[in-house]
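Shared between the two complexes below is chain A, which has chain B as its partner in the first and chain C in the second.
Our next item is the complex of A and B:
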């Protein structure tokens, strides 16, 4: 590792923002499971690293009826996986959390880190997209909120400006009758990155939303597809229809992990399986 | 020897080094620090094939803490086991992306890494050889001076002015006539990609070169300390006796640490640093991208058969993509000459095995040594022949498998005591409940569930691949307390050699296991010679040597005891740590009174320290005939078979292995716990080759997956539900010249695992697969394409 960096661990948000104002190129550290890879491979040379885990606001992890779920930037993926409100109301998020990397890595990795890294294949992005998450960002000018749909701007790129910190994400409230499912295809059954990931959600009023990862430059919510689904009846023919239709809404690439052909194929398979599960869970 | 007479052989003892390893006390080279030790880092070529125009190290030299920088001009040496074709550091040109171009030794790793980043290399890219077809065109040469390279003459056949490092041939019978006799001829092509060994411990070496003499001390994670000694001395032009190699515990080898690797290169760095010890530990990326792999391989095979299913003739081309070097790779290729058609009786055969240079990471030994690769093609091909003939693939294999009286493709006569492939096949077929192929109706019924089950069978064989004159030795010393220390030259890298050798010593000496210790930390200045820890040969060869040493130790004690007991040594027996008279059993002397010589009551001493040795030399082996490949290369054959029962998800393409039954005619199981370990590990490693693993290269021949991010191996979630090891221990077919009838099994479990899975996929889907790996993508797309055609 060629980087020789100065390590900061501020105890307040203000302290952190002040430091970032002085050194805007500072890298933020939460779990470090992505940052350490970048540093070890010398993909970036970094002078300052700011650890956000002592900032009180980032530790908040709370479900409030009517408001929804807030997940602070220091909350680990395993904390999410083990949370009762998540299991009760945001099942797809739990399933996605359980599919990310390995248990050991999930002890450190954070959900906010996963979306800030902005990989097209970010496992936790598609559940956030269907639960209409809002990203809470602290800036030198004050706090701002950005819907997750507008958060990603490209491969490994977000709307974040230098000097800004994501404090956490707020998920819209979800009722216990709200059903969701996350499915992911990888090369192996153990610890692996996804070739494609999908989250499907059905609200008690039978509104279906669909989001995918690893099939476009960013994780995406398939809004047009959702519109088409809303015009269809929720019967046994829906999964098969979705299997072929979803391929018209994504444009995956070929890379080291998969060919575009298989990504298209498996996206259809995952969509069909996911929709079948949703219907079984009581959507009909 | 009947089983009830054996005290230690056949007992599932825990491995002797187990506690030390699980408690973290075992010392590996990665743990070692020497006074004044420097750390090395390397500059790697970003190009697959390029001229080195210039190297500027001036900025790196200025970094405080840098003690030495070396480039190709500082290392005008080549190295290699069978073919001396590899520069220690790339000189004049680079032949693969990842090759070492320069290196730095500095006071710590960070300093060395910083200095490395400041070395500027100018390259002039050259046209790249991507694969064996481009290589065979011969327009671009990876090695212009191939014809000048030193190699084992008459055994390997480099082709001047080509990219063929060695072209080995088998010619048996009359192939033309054989094909004329056939009722049916089938031709196929199969391939496997390059695959990494992935030991838990990456390669590591510490070298300390005496600045005032030629003496060199090496601490290495190598599998083969004596091969390192020999090849390092040869490479640097110094005496073998000036090279002192120590190998402490190592964290897995799988063939990737056989022969010689970083040791001479690190020696050059130590010399440049005026004799300070220098440590180089490979990063995981270097393990994938600098150090060698298993070669990719393509098989083209044509077979003639009669209507009754008997094979009349075969013509085979095995073309090995050895990458930039073939120093060990040529010998992998050579194995095909005597084993490259599987364990079958083939009366007429023409086989070509060509080890070919390309501009990719180079190849070396890998568990199975060419056999997983050749057997992938051959065992899939045999399955297809059975299909074409409308024969049950089990019956087809039973009919053609080697039997006593047959000769192998290299003309070796098969004896009853060579072992029985058919016994293995019958055992696994029974275990998985093989009743023939699935019917169309069964398949259609299962398809409704989205998952189809399939069963498949495959045979396998392997004998050690090694020089015909390979030898080994053991030294045994008795301490005053009657305990015995055994020294061997082989490395226990997890296979359990030290435990098995202790069992053999304890058996022969008739003492408890706790009284025997095989001394670890193999040291070429102290331990006796062993050629290489490879080839599944050590239980057989080392076992015979330890047995002889133990017999010799007993004989020494009997001769002294005979004087004391006033009898002939032949009248004496031994048991429970005493030498006693066979009839007057009360006339006895404990071992401990003989260990350092016997002392009479008046003070007279006779005898002396009891130190024994035993040797084993490979017996009766010959080099293959250069033209026909005929000869006797196989010291000991181990036959085996796998039966697979799997389920394939027709939508995702995921293959779930429910059961693998694996049978081996091992002759005698010396330690079931350890042998089970070999089988379970080998089967899972074979599963990795079958379903997951493989190198991927960019169009400019750069390795795209040099880390665990994209070079996946099986995890705990990917293993079969059930692995059932079966051992054939029939005294009729056991190895008469092996210790207690035993044969090697270290490599065999992974051979033919892909073939059995490929055959089971055919049973499930009626789709033939020709390339590995059978990952979800390739399986799902094949299913999708097949249904489109219908």
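Our next item is the complex of A and C:
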């Protein structure tokens, strides 16, 4: 490792913001599962690392009826997977959490780290998109809130400015009759990055939302497709229609994991499977 | 073997920065050490504490050879800075045997020929130890999920899964 960095572990948000004000290029550390690879491969030379895990606000993990679910920036992927409110109300988020990397990695990796890394294939992004998540960001000028739909700006890019810290993510409230499903295609069962991922959600009033990962420069919510679905009846023909229609709404690329053609194909298959599951779960 | 910007990934180099005091518990013993802030927990345990059961396979969280237990949870020690272990309770494969006698889990690995070259074995043992602590009656699928982040290039995995399931059964009998 060529980086020679000092290590900060502030106990308060103010302390962290003050340090970042002085050294805006500081790298933030939570789970470390992305940052440690960057450091090891000398992809960036880093002078300061700031560990956010002792900041109390980042540990908050709480469901409040009417308000929804808050997931702090230090909350690990396995904490999310094991949470009762998540199992009851945000099933797609649990399924996405269980699909990410390996069990021991999920003991460290955080949901907020997954979205801040902003990979086009971020597994946890599509559930956040359908649950209308809002990203809570602390800045030197005070806190601000950014809807997840405007959080990603490109491959590995977000709206975050140097000196800002994501405190956590707030998911809109969801009822127990709210159904959602996450599906992902990878090369192998087990520890692998996704070729494509999809989350479908149907509210008790039968509003359907769809979001995907790894089929565009950022994770995306397919709003035009959702509008088309809202004009259709939720019957047995919907999954097949969705399988072909979804291909008009995504622009996947070819890379080491898959060709663009296969990504298009498998996106259709995942959409069909997911829609069938939603209808079985009581959407009709 | 693995070079980035002329720097070998597999060689730990002291950054020369001021060392930070680290207090933690390793295999039941309280430890107070000065550590380089850029040192991984893997390098700290292996190089500084001479716990050679903690193996570096890939160094990037893919292979699981460096898996240890930290506060009861299986983690990749290559993905953690040593300084992050402040206050932590760490168990490595060296902490499994008691008074010179292998643990039941280790004995079952031997019994089922669950290792050949042995490089993955410490990581496999720590992932399965963490599983059995949390879930003493795992299904085959739960065992496979728990060790999905531990690569083995020799055994084909079946004897490992069998050994873990058998250890679960024996541990249950022993606790009666």
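Here, the second predicted complex is superposed on the first by the 284 of 284 C-alpha atoms of A that agree within 3 Å, B and C clash if a C-alpha of one lies under 4 Å from a C-alpha of the other, contacts with A are read in each partner's own complex, and residues count from 1 in each chain.
Throughout what follows, a residue touches a chain if its C-beta (ideal position, glycine included) is under 8 Å from a C-beta of that chain, and two chains touch if they have at least 3 such contacts.
As the structure is a prediction and not an experimental result, all values here were calculated from the model.
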Please indicate which partner A:2 is in contact with in the superposed arrangement: first for chain B, second for chain C, both, or neither. both
Is A:42 touching the first partner chain B, the second partner chain C, both, or neither of them? both
Does chain B (first) or chain C (second) touch A:107, or do both, or does neither? second
Applying the touch criterion given at the start, work out whether A:88 contacts chain B, chain C, both or neither, answering first, second, both or neither. neither
Once the structures are superposed on A, label A:185 by its partner contacts, choosing first (chain B), second (chain C), both or neither. first
Looking at A:259 after the superposition, I want to know if it touches chain B, chain C, both of them or none. Which is it: first, second, both, neither? first
Under the stated touch criterion, which partner chain does A:173 make contact with: chain B (first), chain C (second), both, or neither? neither
In the superposed arrangement, does A:15 touch chain B (first), chain C (second), both or neither? neither
Looking only at chain A, is it chain B or chain C that touches more of its residues? C
Quick one: classify A:62 as touching chain B (first), chain C (second), both or neither. neither
On chain A, the footprints of chain B and chain C overlap at residues 1-2, 42, 190-191
Of all residues in chain B, which touch chain A in the complex? 110, 113-114, 117, 651-654, 692, 696, 704-705, 709-710, 712, 714-718, 775-777, 780-781, 784
Parts of chain C lying in touch with chain A, wherever the complex brings them together: 4-5, 7, 9, 13, 15-18, 20, 37-38, 40, 59-62, 64, 67, 73-76, 78-81, 83-84, 86, 127, 130, 144-146, 148-150
List the residues on chain A that touch chain C in their complex, please. 1-7, 9, 29, 31-33, 36-37, 39-43, 49, 51, 53, 78, 101-105, 107-108, 190-191
The chain A residues in contact with chain B across the complex are 1-2, 42, 185, 187-193, 195, 256-259, 261-262, 265-266, 269, 272-273
